[in-house]
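Following this line, the structures themselves.
Next come two complexes built around chain A: one with chain B, the other with chain C.
So, the complex of A and B:
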């Protein structure tokens, strides 16, 4: 497998040259602090070709820069790469087919839990991840969680970007309600929301079956009150007084929301915020950029601030982040080429332009990129820079597995909060219902 | 050698020729391609789906046989029972209205009116637009903040003070979805029934007219019985389409609020694919089969009976 052929070594040489050349030239501005660590030896197999699938773009540069970087890789190594961009919800079934049949894409850039569903079918990434970590100031807490096999130090995936959430709020309206900034204390936050509502600028958090935003609301409320769906051994632990407290708080908070949040899907809060119907919500960086880039809504962007979600627990903000997690299947004929491709994409010369042009939509997992120009261009998006520092994850505090993924895609927690908030269920009934479903999903 | 000495000898047909003359064999050979296609594209997926329903398969992990465990669990699952109930209700409510309005529309279009062809083409519009597009249009129409209906009622006509929360409460959401389904389904019913109406010979109406039949009597005793066979077919199809509807609900509510608008199809998808519980998703899909068979048998046998069509005296 590690046979070095003439063409392979030539390609490698060309790759090394290209990399060295770029480092020598140090493109202006990209001052990412780098430690001098030798890259792992991954001689590219002769005649290698790669197929990559990844989720479809959210902003245009996500696709164009990705493709440009891939072309650079092909030029440097001679390895032709085909990249397929797949709909966000189609990705999981496609990966499942690849895993089941042992054919298909060599490199999969999937979602956070995907690699964990196939940990015995994918290549070990420890060497590559350790190299990147050492070179770029270490991995953030969340990528470490998603990259390593649960409860071990073995890397099975390479987290590539974290699409974080943050509290998005209108400064003038929050000030008008008597607060200079959004308080972290949950009691004061409720008071703020009540005052916002009284002033005719209600907040709005999605409580409908919205993959990102609905689950975001539910897990925020649960985690902020010290609740969790399962304990660290994967035993269902939803039926605790913390959950009841979270549900009661959620019901109080819901009274301050704009009407209709029970039916909100992912784009709803974006639309409502940009139309100035709501004063405060949780979202990715997209609201801000859409508002900023349209002259008609520039004043909304100018009045917008971002901060961590309130209710931090021992200093940990109750948030997770949507993470791009790359893996290489064992069935690939060109494992080294696949790993080299991932390494190439993660090196600052390629990664930094991608990060910057995507406006930080996928925040970096490697801490050195805190220094990227991306985060200097606009101080208002700093909150999104820190997505990789979050210490909660999908399925907290249990293992990252298929069950954790099922809980969010079946909206179990969202329905629990929505049912209680709308007054259809008592908190106790809501918890019992969720517990039943969780037990079924976690088979415990 | 001249012709008189030539004795025609029939070489006995070889084995292959005899084989192809053998009728049972020929039947098998001719049926094989069709059977093969059915097996590969119909029986196998259906069989696999049914088999999955009795396993605990997950995406990425082939399951083992668990018998009726999936169904046992579904029986106590409030969300599933609610989905079954809503699917039946959705189908019934939408079908009744679709047929009433569709028939009415077909009768109107059957008259000679100016621009008949253009109007008929326009009627088909909701049917031509891809469901997902119309679903997204309805999603905007039902938006809690940006609904055109709310805008007209509140900001233009000032009939209401607050925006309508179409999808925010279970019953409002259910009726909103049914309305969208009706809008989408009417053209199919109207156009097929119109085709049925056109096959009725005008002579029959003339005869009825000469006998002094009122318009209602003409409808009741001429149109209805002759329309019955096509009505049965259209009803069957319409029930099947509505019962297995997926796109409207998935695009507009995803089963929310509070899981109140899940259809069996959307729930099966949600549990099976994004939720990766293939076995349970398959079980929900399999649970649809008895309903579909029942609906088909009922509408087909009941409505296609001659007695219904031509009256009891016409055996």
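So, the complex of A and C:
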């Protein structure tokens, strides 16, 4: 029979107190270095109410903590806020309706290039972004790119989180192939993949029409070889020797993949990795999170490591990040309340718990949050911490605009790589076809 | 000669079964009827089977086909259904979807009956062109219409209410039902109406007492199609409804059960399975009318 000892009861008491937050509690966000900067004056309009839409949760805390923070805002300001969560792929039609009709949500937490499509219909955010940047150690390179109107210093959006696409790999299998870690050199990386395949643990990268993973694979291969779809003036620049080299490398790499990657969609690599069918892929932290939280797959998580995608150019990892980009429509009756809401959500007291409980899926855009406890809780997710430091973006090197978004949504680059990898096209034909499509999209 | 042979074969080989003709045989029947029928059944029912087994599979079985048979369940679970019914607003989504589908179908049928009757029977000048124009309206894709319609919905103050859907679904249901009913009305002998006209019936009386009772299979057929189209509609439901609890099943299950690149396949399939049941039940009640409307109407 269990006995309650004095030591045991003391431990129980301490545990209960700690649980209740009475001892050992540290204010959320206390570790975040903060500069003393006065908040912008945004007097909230009388009778203000807000409607917010944002992409649906990735994990439950994403929604619960967001809602809890929203309730705190309502308590502090008296402004009722309704938040609606929309499917990731379904957000864009709703934003299009709001922009076209001039009605609907006041605040939209959309995707990276959404604000750039509606830059004439949304409010200037320069003052708020400057304040947050000064207070929290500055903005990362990628949020600056997505937050500012292209080629200017005017902020049109407030980046709230960056979902990185790091390399996810099985440590034991990579070690078995003779490598202690995944090499950055592309030649060695190909050698590693060939050895993994030989050992019966092939890699797998999506080459199907997958919004995130397919475009991620294609842009990684292109950028890692120094290629880009358009130059900085928006002129199509795909037909270059770097693209041909990328296509040839992609075709060699494809030979090491598990069969079926040409039809892979976004969930496919998650499934294959957790089922232990592949040893290596590119993804957000979701694979690790799901594996870690299921006792039957916890051993997969324990053997998983994350690192930057190989093939860095002058120290720049060839990755972009899926960025949450908040904007306020001009049609809102309560612009100050809307901006205040965004400011409140970005302050460390609210932002840090959200960041931490989401396991860093939406990595912080403000550099001071590098010090967040989130990144100390699990060393395996450190690779996602630096998502905001990436220096590539959708449509690199050109402007972030509707054409850049169309290239992703029409899978021009993905289909170019898939066509060559599958042997349907030569690299030269693949590039020509992609160039034709890009010229149509960019109208150049 | 052939009749005699057929009778002989029928009498000797299958005394209790149906009589076979001379060109017929058991092997021939198997090849020409039962094998294609079996293939057809497998192709049609496999998605439902897949939905069914995925609904009751735990995640570990769903993800690992090396150690588990993909076509069977080793350790069934109700977790996916529990998650769907008790951790989401699924019952409410189902009620909303049903209410919207019934209301928009009823509205569309009433309008379509009047339109189809007018075009087919009143034969006013240009009626043929009006019929054609209505059909062409059906061909305009909703992905083009949803933004202009959104403006109308906002101006009428219907955004984020079920009426936004009940009143916009008829934009594609009415053309479809009208086109279907024009064809059906055409097959009803005009002489019946002429008799009624001679007896002094008005046009509305003819429609109510003569034409509509004869057109029941056509109405049911149009109703079933309209109900199914409303039930499955996606883009308007996505654009005109923003509150999670007011969404319809096709939109809501995607919003709630697809989280980034993590798909809750078990609950998604449970949602699809439960969502398809009302439509299947609806079909099963009216399948005979539905078939008769496709195979021909009133014989002259």
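Miscellaneous remarks
Everything below uses one rule, namely that the second predicted complex is superposed on the first by the 415 of 444 C-alpha atoms of A that agree within 3 Å, B and C clash if a C-alpha of one lies under 4 Å from a C-alpha of the other, contacts with A are read in each partner's own complex, and residues count from 1 in each chain.
The definition used in the following text is that a residue touches a chain if its C-beta (ideal position, glycine included) is under 8 Å from a C-beta of that chain, and two chains touch if they have at least 3 such contacts.
Note that this is a predicted model, so its numbers are computed, not measured.
In the superposition on chain A, contact of A:105 is made with chain C only, not with chain B.
In the superposition on chain A, contact of A:367 is made with neither chain B nor chain C.
Within the superposed three-chain model, A:93 lies in touch with chain B and with chain C [touch as defined at top].
Looking at the shared chain after the overlay, A:53 reaches chain C, while chain B stays out of its contact range.
Of the two partner chains, both chain B and chain C are touched by A:275. Judged by the touch definition given at the top, the superposed model places A:81 against neither chain B nor chain C. Look at A:317: by the touch rule set out above, it reaches neither chain B nor chain C. Judged by the touch definition given at the top, the superposed model places A:208 against chain B, while chain C stays out of reach. Under the contact criterion defined above, the residues of chain A that touch both chain B in one complex and chain C in the other are 89, 93, 96, 100, 271, 275, 277.
Residues of chain A touching chain B in their complex: 89, 92-93, 95-96, 99-100, 117-118, 207-211, 258-265, 268, 271-272, 275, 277, 402, 405-406, 409-411, 415, 418-419, 422, 424, 433, 436-437, 440-441. Interface residues of chain A facing chain C in the complex, by the touch rule stated above, are 51, 53, 56-59, 82, 84-90, 93-94, 96-97, 100-101, 103-105, 163, 212-213, 266-267, 270-271, 274-277, 283-284, 286, 290, 294, 296-297, 361. Considering their complex, residues 58-62, 73, 76-79, 139, 142-146, 162-163, 165-170, 173, 253-259, 270-271, 273-277 of chain B touch chain A. By the touch criterion stated above, chain C contacts chain A in their complex at residues 59-60, 63-66, 146-147, 150-151, 154, 159, 235, 238-240, 242-244, 251, 254-256, 258-263.
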